[in-house]
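Labels A, B, C, D and E are assigned to the chains in the order they are written; within every chain, residues are numbered from 1.
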């Protein structure tokens, strides 16, 4: 009987201890906890420093996607109208964000590191149509020293589709 | 003062006090949410309403963040559709929430809030209450608290839902079991003070609270009061994990809000009663010189009572139905009967002068 | 003798014709048991003191389309005292005429067979509780069979959004 | 519901009332205690100490649909579950809102097969879709913010 | 009865239809006097979308039958339509409280089918992460089952600690829950540098937290009253009903796949298998609490002797080449394209691989037919099997006990229904 009361009091001690500890809550909309480096959030289509798109329209991401959430339609590059190095570029690049499960397979499969899962996780939509991200929404801004695509370039410079890359961290 | 004047005075005071307690009820919900949150390492409601307070850094500080939360709840509940289930008993279904709320308010009538405040209390009475000087106040409390069980039972029955019926049945069984222990423990201050008038009981505790004289009765009363209130760990009738929401499962909108209201108002009033019967009521240091302090002391004691209830809720698991009944009938009731008899014998013997030295010591 | 060989010889002693075939793949021994003998073999494996396969781990059916016989049912047995696993495999030609239930040998058998029935449609003789378990009661067909369609819906992109949207039902408040 | 049918369009008065009501609704939105699959765990996570949805007055998870305002469809809705979801939705009194949390609830997600309803909007009207598989608790809170934004623009007359 | 969906349906059925309704063939003793209660699929204590059909005599359970399938996702069928690697993401979403364990079970089965074995470093990291997952899963179990008994603070404390584990998962795999971190032949990437400090910190603070939970529950008389002697199952019955994991060990049967059939190098680590003999809710509680401590032990040992070396096997037919090679070697590009479009081919044959998931023996039956997609995947889901014993466990007890028992057998509906 006496022990029982001691045990009950012990439990109450634990809750009281927490009462005087600061709460662990992160006040979300005002304070955002930074996500980890590898976090897989909303995708972005990257560009090279000169403004050319990294995506070469190979559709490997679409093939690797377990949810079939990516749709790519490629078109031919020319030196007058060059979007990306190599032969082809993605004319249409769409991701259905409500199908995407953020597994990162597309990022692994991409041979040019064009598609990268970045750190934005705030994906709320009022309707399903707006969850389909087109290429304009996915692609990053042209870097400071770059030119917007399509570019007119000298022939024979950008033949190589797959660049030299480092292993990801 | 004439009878009529006293009645009018009672009405006015009653209205004011009810309003105070209804506001108090709203903030008790907030208190519960906040304290629970802090005990669980959270923050609790802090978005609805705040007082902006400019700081030197430019970013304004939010004082009392969340203090409008009860208002938001109320507004939402008022503007919520309030359907009556098709197969429910319409009259009883709508009557039940009122039956739950009215007794909770009625109990307030006999609680002495403060001592004799000149100019506020009619001169023939010694303390400030809505109905001062009621010489059966304790009986009144017992009677009224047992009415409130009807609200719950009828709500459970009228909803025509199995969970609600189970909740209602549990409620009636629980109330009956704990009513006895509670009554017996309430009688002990009555016997000690030799009066059923709440004000007399408070005055009799001058210098020695009954909790020190009779800790057993005080503990039994607190446990039984928790059970009467259907608070954790005795909240079987709305046991979320077993019966979804128990008796109020079919209630929506403000009718559901009324059950909420009843529960929290009873929390306040039973804290007040416990404070009055065992913890010296409105009494405290300097209360004789400055009678208004009585309000402060009583509110403080009520607050401590509420905090304890919330604390218990944050910590303990819930009892099982049979364990609850066993505890009520096999532990609380015998203990309170024996305690009652011992106290009775002691009082008689003391009156006979057998324990005169001891009795003098305790101030009988 | 290692445990794998013990079990084969013991069964052959007791039921000379029960074992149709013994196969081994990645160190796992599979005994192909004649359908008619399955229940008695199971009973034997559990009760024989030198075997004690007291733990029925899993029952799982396999659709071998286009092979024949088309279905196979696997019984994963495990002996807790001897720490040894064995797999019994029964070939089933007609799913309506499956092996006998092992529910009386291991209590869990009935429950595991229900899953096989619901998803693969192999009926176990003597199991009276074969009902729709995972799927709604009025479901037609057995989804894990190879000839059952996956039920794929085209993923919506902007070029086909309206087309697919028109096919989908749209709920309203009432 | 109650008062708003009788009020009609009274200009300024209803405008103010509208603000008050919408304020109340956004700040005291009680979700139904209803989880389906993986997302339900993240939904519980958003209620838990680190994210604490109670800050928005949302910790009163009501187990009864009668007392709840918001249905968070957290997880995949199967063909067997679909009638149940619809029924729960019907049992909720007006006004009520629905958040389709995660991919499976929004459109079936990776489970593009016979068993899963390809989007809960085939059964019940959805107000906000939250992407992610499952969405982080923050993403769910962001969805709730979006819903609040939507509610602030609602007119009382829409509900009458 | 309007609350729980399906509730009305009961009243509309005839007795005969009712008897045939639920899979286990629920018997109804007295349809006139007893009450038939439908708990779920939307019910706070069914841990998901389980529906229980309960015949009640007052508050006493006369008969009980689980009705499942409200979360039947068709995972096994869907996996047959994807390559081995792509099918991996499905396993995450099965037992959503322990995706790492599911991944491990499936990946080990794939590796067994292919006849390869992961590198020592990959194996050690797998062990660390699955044991952390076990702690996380047990934390959710503890929190929810305590919440079932209305001890609400425990729930929030448990989720607070779980958040830390999820943060570590996010650090290594980029996703809090659906990690897909183990890949055929190794891991997705090596763990980042800060991983070790994070895990060590976890090992430092966790024992004190476990002590806190125990202070709230272990000897609390109310909890003891709710847990002791409730839902008893004997060792023999537990074996016959196929229980595994904490539920089996609570009955005193010493069977843990990590000890019986070690995988991923579990034989190198020194840990105990906690056993209790009472077979009741309290015994299962004690076992799982002790399991958390043992998991911490394993994590510490694995971390202390974490070997260096590659995290993937060097087989280009299975593992895609490192990214740095793509720009230099044509062969690498071909392998890369081949593996991400078509995947690798597995030989013909079938394997069964069991691991000890937080809920018990999680088994994967995998058949390959020479192609790049699994011909048949079947999961031996421990929750599914454990659930079958629920009617037996809860016979003649109270409704409130049923709630406690469901908590104690630790089921996850996503795994039951798959």
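Some observations on this one:
Everything below uses one rule, namely that contacts are C-beta pairs under 8 Å (C-beta built on N, C-alpha and C of every residue); 3 or more make two chains touch, one makes a residue touch a chain.
Quantities reported herein were computed from a predicted structural model and do not represent experimental measurements.
Graph distance from subunit A to subunit D, where chains that touch are one step apart, equals 1. C-beta contact counts were set side by side for B-D and C-D; B-D has more.
Chain centres computed from CA atoms place B at the largest separation from subunit C.
With centres computed as the average of Cα coordinates, no chain lies farther from subunit A than B. If you average the Cα atoms of subunit B and of subunit C, the two centres end up 61 Å apart. Subunit C and subunit E, compared by their mean Cα positions, are separated by 21 Å. For the pair subunit A and subunit B, the distance between mean C-alpha positions equals 56 Å. For the pair subunit D and subunit E, the distance between C-alpha centroids works out to 29 Å. In subunit D, the residues that reach two or more other chains under the touch definition are 33, 48-50, 52, 55, 63-64, 66, 80, 107-108, 110, 112-115, 119, 121, 133, 136. Counting partner chains per residue, subunit A shows two or more touched chains at residues 8, 11, 14-15, 18, 23-25, 27, 66-68, 96, 99, 101-103, 128. Shared interface positions of subunit C, i.e. residues touching 2 or more other chains, are given as 134-136, 143, 148, 150-152, 155-156.
Annotation, chain-chain contacts: A-B, A-C, A-D, A-E, B-D, B-E, C-D, C-E, D-E (touch as defined at the top). Taken in their complex, subunit E has these residues touching subunit C: 20, 22-25, 68-69, 72, 74, 76-78, 81, 112-113, 115, 237, 239-242, 253, 255, 260-261, 349-352, 354, 361, 363, 365, 367, 376, 378, 380, 384-385, 388-389, 392, 417-418. Across the complex, subunit A meets subunit D through its residues 23-29, 32-33, 66-68, 96-103, 121-128, 131. Within the complex, the subunit D residues that touch subunit E are 32-38, 40-42, 44-45, 48-50, 63-66, 75-76, 78, 80-81, 83-84, 87-88, 91, 110-116, 133-134, 136.
Put simply, subunit C touches subunit E in their complex at residues 25-26, 28, 30, 54-58, 60, 62-63, 74, 76, 80, 83, 85, 87, 106-108, 110-112, 114-115, 119, 128-129, 131-136, 143-144, 148, 150-152.
Within the complex, the subunit B residues that touch subunit D are 33, 37, 40-48, 66, 68-69, 71-83, 240, 244-245, 248-253, 256.
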